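Input: one structure, supplied below.
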Amino acid sequence: MTTLPLGETTPFSDSPKEECGLMGVYAPGKDVAQMCLFGLLSLQHRGQEAAGISVSTGKQIDYEKGTGMISNVFANERLSNLKGINALGHTRYSTTGGTSTRNIQPYVIETAHGPLALAHNGNITNADKLRDELLAKGVGLTSFSDSEVLLMMIAGAKGNTWAERIKNTMPKWEGAFSLVFQSRTGLYAVRDPWGFRPLSIGYFPDWGYAVASETCALNTLGCIKIREVLPGEIVVMNYEGVNKAPGMKAKKKTAFCTFEHVYFSRADSEWDGQSINSVRERMGAELAREAPVEADLVIAVPSSAIPAAIGYAKESRIVYSSGLTKNNYVGRTFIQPTDELRQLGIRLKFNALPYNLEGERVILVDDSIVRGNTSKALVKLIRDSGAKEVHVRVSSPPIISPCFMGVDMGTYDELIAHRLEVDEIRQYIGADSLHYITLDGMMKAINSKTTYCNACFTRDYPIDVQAFSSSKFKSQS
Amino acid sequence: MTTLPLGETTPFSDSPKEECGLMGVYAPGKDVAQMCLFGLLSLQHRGQEAAGISVSTGKQIDYEKGTGMISNVFANERLSNLKGINALGHTRYSTTGGTSTRNIQPYVIETAHGPLALAHNGNITNADKLRDELLAKGVGLTSFSDSEVLLMMIAGAKGNTWAERIKNTMPKWEGAFSLVFQSRTGLYAVRDPWGFRPLSIGYFPDWGYAVASETCALNTLGCIKIREVLPGEIVVMNYEGVNKAPGMKAKKKTAFCTFEHVYFSRADSEWDGQSINSVRERMGAELAREAPVEADLVIAVPSSAIPAAIGYAKESRIVYSSGLTKNNYVGRTFIQPTDELRQLGIRLKFNALPYNLEGERVILVDDSIVRGNTSKALVKLIRDSGAKEVHVRVSSPPIISPCFMGVDMGTYDELIAHRLEVDEIRQYIGADSLHYITLDGMMKAINSKTTYCNACFTRDYPIDVQAFSSSKFKSQS
Amino acid sequence: MTTLPLGETTPFSDSPKEECGLMGVYAPGKDVAQMCLFGLLSLQHRGQEAAGISVSTGKQIDYEKGTGMISNVFANERLSNLKGINALGHTRYSTTGGTSTRNIQPYVIETAHGPLALAHNGNITNADKLRDELLAKGVGLTSFSDSEVLLMMIAGAKGNTWAERIKNTMPKWEGAFSLVFQSRTGLYAVRDPWGFRPLSIGYFPDWGYAVASETCALNTLGCIKIREVLPGEIVVMNYEGVNKAPGMKAKKKTAFCTFEHVYFSRADSEWDGQSINSVRERMGAELAREAPVEADLVIAVPSSAIPAAIGYAKESRIVYSSGLTKNNYVGRTFIQPTDELRQLGIRLKFNALPYNLEGERVILVDDSIVRGNTSKALVKLIRDSGAKEVHVRVSSPPIISPCFMGVDMGTYDELIAHRLEVDEIRQYIGADSLHYITLDGMMKAINSKTTYCNACFTRDYPIDVQAFSSSKFKSQS
Amino acid sequence: MTTLPLGETTPFSDSPKEECGLMGVYAPGKDVAQMCLFGLLSLQHRGQEAAGISVSTGKQIDYEKGTGMISNVFANERLSNLKGINALGHTRYSTTGGTSTRNIQPYVIETAHGPLALAHNGNITNADKLRDELLAKGVGLTSFSDSEVLLMMIAGAKGNTWAERIKNTMPKWEGAFSLVFQSRTGLYAVRDPWGFRPLSIGYFPDWGYAVASETCALNTLGCIKIREVLPGEIVVMNYEGVNKAPGMKAKKKTAFCTFEHVYFSRADSEWDGQSINSVRERMGAELAREAPVEADLVIAVPSSAIPAAIGYAKESRIVYSSGLTKNNYVGRTFIQPTDELRQLGIRLKFNALPYNLEGERVILVDDSIVRGNTSKALVKLIRDSGAKEVHVRVSSPPIISPCFMGVDMGTYDELIAHRLEVDEIRQYIGADSLHYITLDGMMKAINSKTTYCNACFTRDYPIDVQAFSSSKFKSQS
């Protein structure tokens, strides 16, 4: 509904970054901390720079947190002291710097009604206003996170139960928020009425429940009877079972995030009734129908674009094969190259398979183009490996506008499609042809009656982002 | 004024434990973080299990914290990123356990008036009530500490300046509180109107000021013009200099802690106009006058009782020498002896000098006896080393009652003088004679017109401790 | 030539484990340590439990080592102190336990001719004998590694140069050894005369050389003019350039390791003149010809079997798609599941894509079957996801015998193909059909005139492994 | 016998540094690793920068090592995996730098006769020659330490038992070496025939034995029947008990290190039949006789000079008191002061007690003066605190020459007494009078018939140090 003026910026980004995975386990009598950890590992792709797990003993909530990959944070049996009846986990992308430990979730506070913890995925667009209101009430906050604002608002909310307090406060929140609150006795799964980010619930075959950002984490834990938390819903998980509490009505025009289908979610997750992998294969097929080209080979930018490339290959009946490999052991953070090493560029991460590419007309499928630098380098790598032609097909439309609902896509200036026309982009990346899927084609592949947020492709934001876009506070969840 | 009923307990303790050292530095243009660290090292004896330093850049307050000795917490140039105009440091005794990191000070919060940090030494006796009031207002707290309660109360207090907010809130606080608040621009040194715990201010010869729990830390930093923060006083340290702000009137009957003279403070500190070392020497001299005994040698339990032993020797004209040595490298925390090793007992910490003790009549001076186990073992060690007689002289009266103002002395049941008469204690520890200094003698040695708190010797508490003594919340500052 | 009697055991293994990646860089004036690190990251798949890098300043050799993934070992700019003219790196699979740090390579010693370091990939079958000879000479060794034996033998060898000493000693070594020695001034790349393990050399476009276990590491560093070190060859890399030194004649019947093609090497590496990815695609195509089956879908066990599955799909003209996903963030070491979690089994690592599998006749391509447990679990997972039929195709023949040349494949008892016939295996894993590629088919796919070692498939060992197979010393390189 | 030419240098030093403490425990059935750790803590003053403990299970020797204080190295129950029948520990002063971990003792090697470990205190003056001989034999060494040379020589020595091998090799070693070897089954305590460094053996009251650099460590462990290892002796400690093996004859002119009495050993240790504390008290008494002065107060430089100050006070009948305090929490390594902080100088470590010093004529007793800077700063501090006169008395003669037997005293140029006459030193440090004890006085206080090494005071070295003094290899033990 709102069109943002040009020129606004969000922090620098190399590629779309999904921020935060949530994992909750309610299973008295089991090792809920370890189960939470195992589920969280399935959400590592949603944030790799800090993680935390809090556990309620029924009396108090204890926690362990740290920066880095989940396996590092929880090395050395660090969880062994956390025993309890329910657990809450979070993995996130964080800014670097000395005080970043302030921002590691879950946030845990003591309140008049006992301890309460929160893990949040999303971004509150009116956080500044809410924060100022809290501070004006004399409340101090330990961080700059919008998530802590949500938690502190609940601590002071009216209501006889946590469910009531959440219900009474929720209407004040604008933006994207998939939340799991943790009390002494249970978990409360909450999804904003727009439904921006995913959140699902599953049952253990024997006893207990879990909630997670993505169904793949529930599969990992062996859950059955998986269902989504619906927009506006509050679901209570405790000794009484899994019960829906009064929440908010879903917005008439929901705003599910298209990018979950395009890039963020793991291929083996399901969302909005759809298999992510299947959606991506259909996107590839759409691309093949929208922009056929004579070629010998369909290859993917590994590993996120593989399903779309397979879909393209199936539909076009052009053979699918590998043309690029990716080194999964190269992390973002620890490499600070010297001059000699900067030139190595993408070679640290990608390599080509010249035997497959030599003399071929290649269709390269990618899921999105943000700044264009990686695409340019990959096209060059493929050509240098002997390919005769390189045709780039992208399974999402041009990204022309930043996201203000929790996805770090970069600033207007960084977005190549904000600055250049498609053919200019083609020239820049050095492709023989370039086609982005159309918005219609993409939505056809998603194949849902739900309304999605496509603001990054259309600049048509589902909520007012004016205030936020000039915010001094950066979302951290 | 209040006499506590018998039977109350406080947590287990091996010896009186002083909890917390505070260190603040205001010196724009200097390396305030390093200076704060160096001062803090002089306060390591006040708490050895966690430490933190926060620094204001003028815009924001960043911090580093950790468990362990100061030198471990701040190893590896960990402070190098903290640059700013003022710094606040804290070292503390903490309980062990997974969530103890919650309790490491300084506490730092964001408020409606900008960031605010607090370091606290003392114990708030009405913390439960204050905490409940805060929680009832809807404020969430991240810890169980009374210190965080103080900070959060200030965040929401009325007033146009931090000094006003502190002034307006301070009267609600009962108990011991030496505080240093840190804002963007300055430090605020506050001492409770009873004056329980020390707090002093010093000037750098060139430019800048420092505030510390003890004057030894100010000496270390080269401060001159050192003066105490008076009971009830609020002192503001910022770009306008060091200025007294309206605070509270000191209580008519102040309650300075006698144990600072007896044991806690470092010998080279001064407090209440007195050199701690001199007070201790005078205590020894008093002891010599009160309980002379024919002997060949005066020795101390190292190292805290050395001044008193020297004082005893001077007054009695009996020769002073070393009879026991102490291993300064044996920390409290990392040794968990097996059965074979438990029997080693105090030998890990103390050893005797038999050449000095053989055949001698020995006067052993200690500063206090809490549970009596160490005294018993030391008397045995001295006898086993050949001493003919062992006369124990103690430079504080029998401890018959716990402290509720921030000193962890153990429970009633643990206090040997609560259970036994002096002669029974003598028998228990195996001494030929035992004399505790009289209350009068001790106060004569302290030589001050100030009123002191002697509740641990008299059970006469200066404030109502009923509520606190049944508190479910343990002080951590 | 030697057939090992049944019943011998090697240590437990879950899947074939490649042990060790080597990386050397000679490039005075550049940041050789960082370059070595970046190359090593491309070899992380060859060993993930310890790593080390040594650097020669021209005068001395310094090093950093540690346990864990390369990115952990070299976190926090740990390499920043290592500056020099050449660097040697190693990544390895290690046994756990307190003294394992003894075994982290490179080994660095001081000798009569200056410092010398060694990194080794392979296994010396007569190590016990050589070790005993060394010890009998009065030499002490710091580890149980065969690699240290090689290094110490060179330290005491006759010869005027390192190349001569290596040449003079090399004939005594039996088994697999790709080696890089590092002296003050240069690197020495050595490959055993059987040629068991790969080793290649590349040139930087401007100045300098590199040597690595696999060509993918040389690609990563931007090397051109890549060539293999030949069996028996000694190649010297120093200020005089890259020069062949007199070494050994290659064995008439070389013994290249087939498993490098099947599983170990990264798909984007080349070896023996072949692209690994292409060999694997051809293996899949062979499988399709050898064992065609009517089906709807070809899927791979990710990620090593993807090329073979693509090859199968191309040849069979059955559609290739994804049916399983793999979580790359799940490491081997840190998860010690409780009872509740053990049942999660392979779900921590693999998940299925039911939308792709539902109602389909599926061909599942894997690269090898060692114990059969994973295969069994995956077949069940695929069936549970709705597949009507599951046909397993394996791109290597049945493994009936352990490897004694540096690959940890498990004991005879653990090898399912040692105990069961193919149809029994099919029953065990629950497949509708099962076909292993024939030895001939596999070798046809490898398409080389070189002689390979296929002892794990044939029990026909190229060298005498009797002594080794009863060895008390376990290879660590 | 040898007088070293002027101008030779040894590495920089701030004060005499004792290098290395040894601790061995033989006690099957007990927790030997923990006992070794506890004993080692009593030797922390002999070296604070790295430590290690090795344990023999009876079959193999495992170890844990690390840099830093003992309590840091062995934090987190790191020893819990080391179980066995005997243990060997070492604490050392190390040079900094990337490869210093090479030099942490005990050294552990595998030999033809099983595993062997060594911990060494001292310095081998002909180490270069021995090292070259070893290297020439083709042996590689992992470090630059003379200690590893000793160990490797034993590995290759002739003899049927370890005791024989040690006996056969020992005569080749020149210099200072107190050693403990550890084999699978026992410990071997060895002392050089000059007897430079201490080494003592004790019995546990129930079962087992211990060996340590100082008797205080044996006291700590509750040992009885303590006796010294004699010069040239080899003592075997195993299941047969404690037995003397054939060793070397003690030199006619032994060379016990005087500095152990002056400074290194802990006051509660005994050596050469003397209580260290008593020797120091007698040194003080000698000083009082040699250089009486009218004064009001005797104070010590804490804490090493306290016994001498007490001795001075007793003899002179001038009152002993405290005038300076020392912060035991200030370690050497982690403080790297900025310019603002460098001026703090010794205040980080020492503080004065002005109430004791004001208006007084003070005798300041120190144990030694190396460079003179600390003395100068302390005299100033005492004067600034109001003392009228400061008379410095030193309980060792002027140090005019470096030590080559394992004590890091600094270079000729750094030694103030090498450059200046006593009265010039007095002027430099600003004292009213200065007196060093005479060599005769000091030896009278030591009160032994044994011959001592006083080379640092006389330049009369007991063995040829020419070769060593130009050595490129620095001692590390």
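Lettered A, B, C and D in written order, each chain numbered from 1.
The definition used in the following text is that a residue touches a chain if its C-beta (ideal position, glycine included) is under 8 Å from a C-beta of that chain, and two chains touch if they have at least 3 such contacts.
If you're wondering where the values come from, they're calculated on a predicted model, not measured in any experiment.
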Hey, which chain ends up farthest from chain B, C-alpha centres compared?
C
Are the two sides of the chain C and chain D contact the same residues or different ones, given that same means over half of the numbers occur on both copies?
same
If you average the CA atoms of chain C and of chain D, how many Å lie between those two points?
49
Determine the centre-to-centre distance between chain B and chain C, using the mean Cα coordinates as centres, and give it in whole Å.
60
Round to the nearest whole Å and give the separation of the Cα centres of chain A and chain C.
35
Where chain A touches two or more other chains at once, by residue number:
none
Which chains are in touch, pair by pair?
A-B, A-C, B-D, C-D
Seen from chain A, its contact residues with chain B in the complex are 62-64, 81-82, 97-99, 108-112, 116, 132, 135-144, 151-152, 155-157
In the complex of these two chains, what residues of chain D are touching chain B?
30-31, 34-35, 38, 41-42, 44-45, 69-72, 74-77, 216, 219-222, 266-268, 275, 277-278, 281, 306-307, 310, 313-314, 319-322, 325, 327-331, 334-338, 340-341, 343-344, 347-348, 351-356
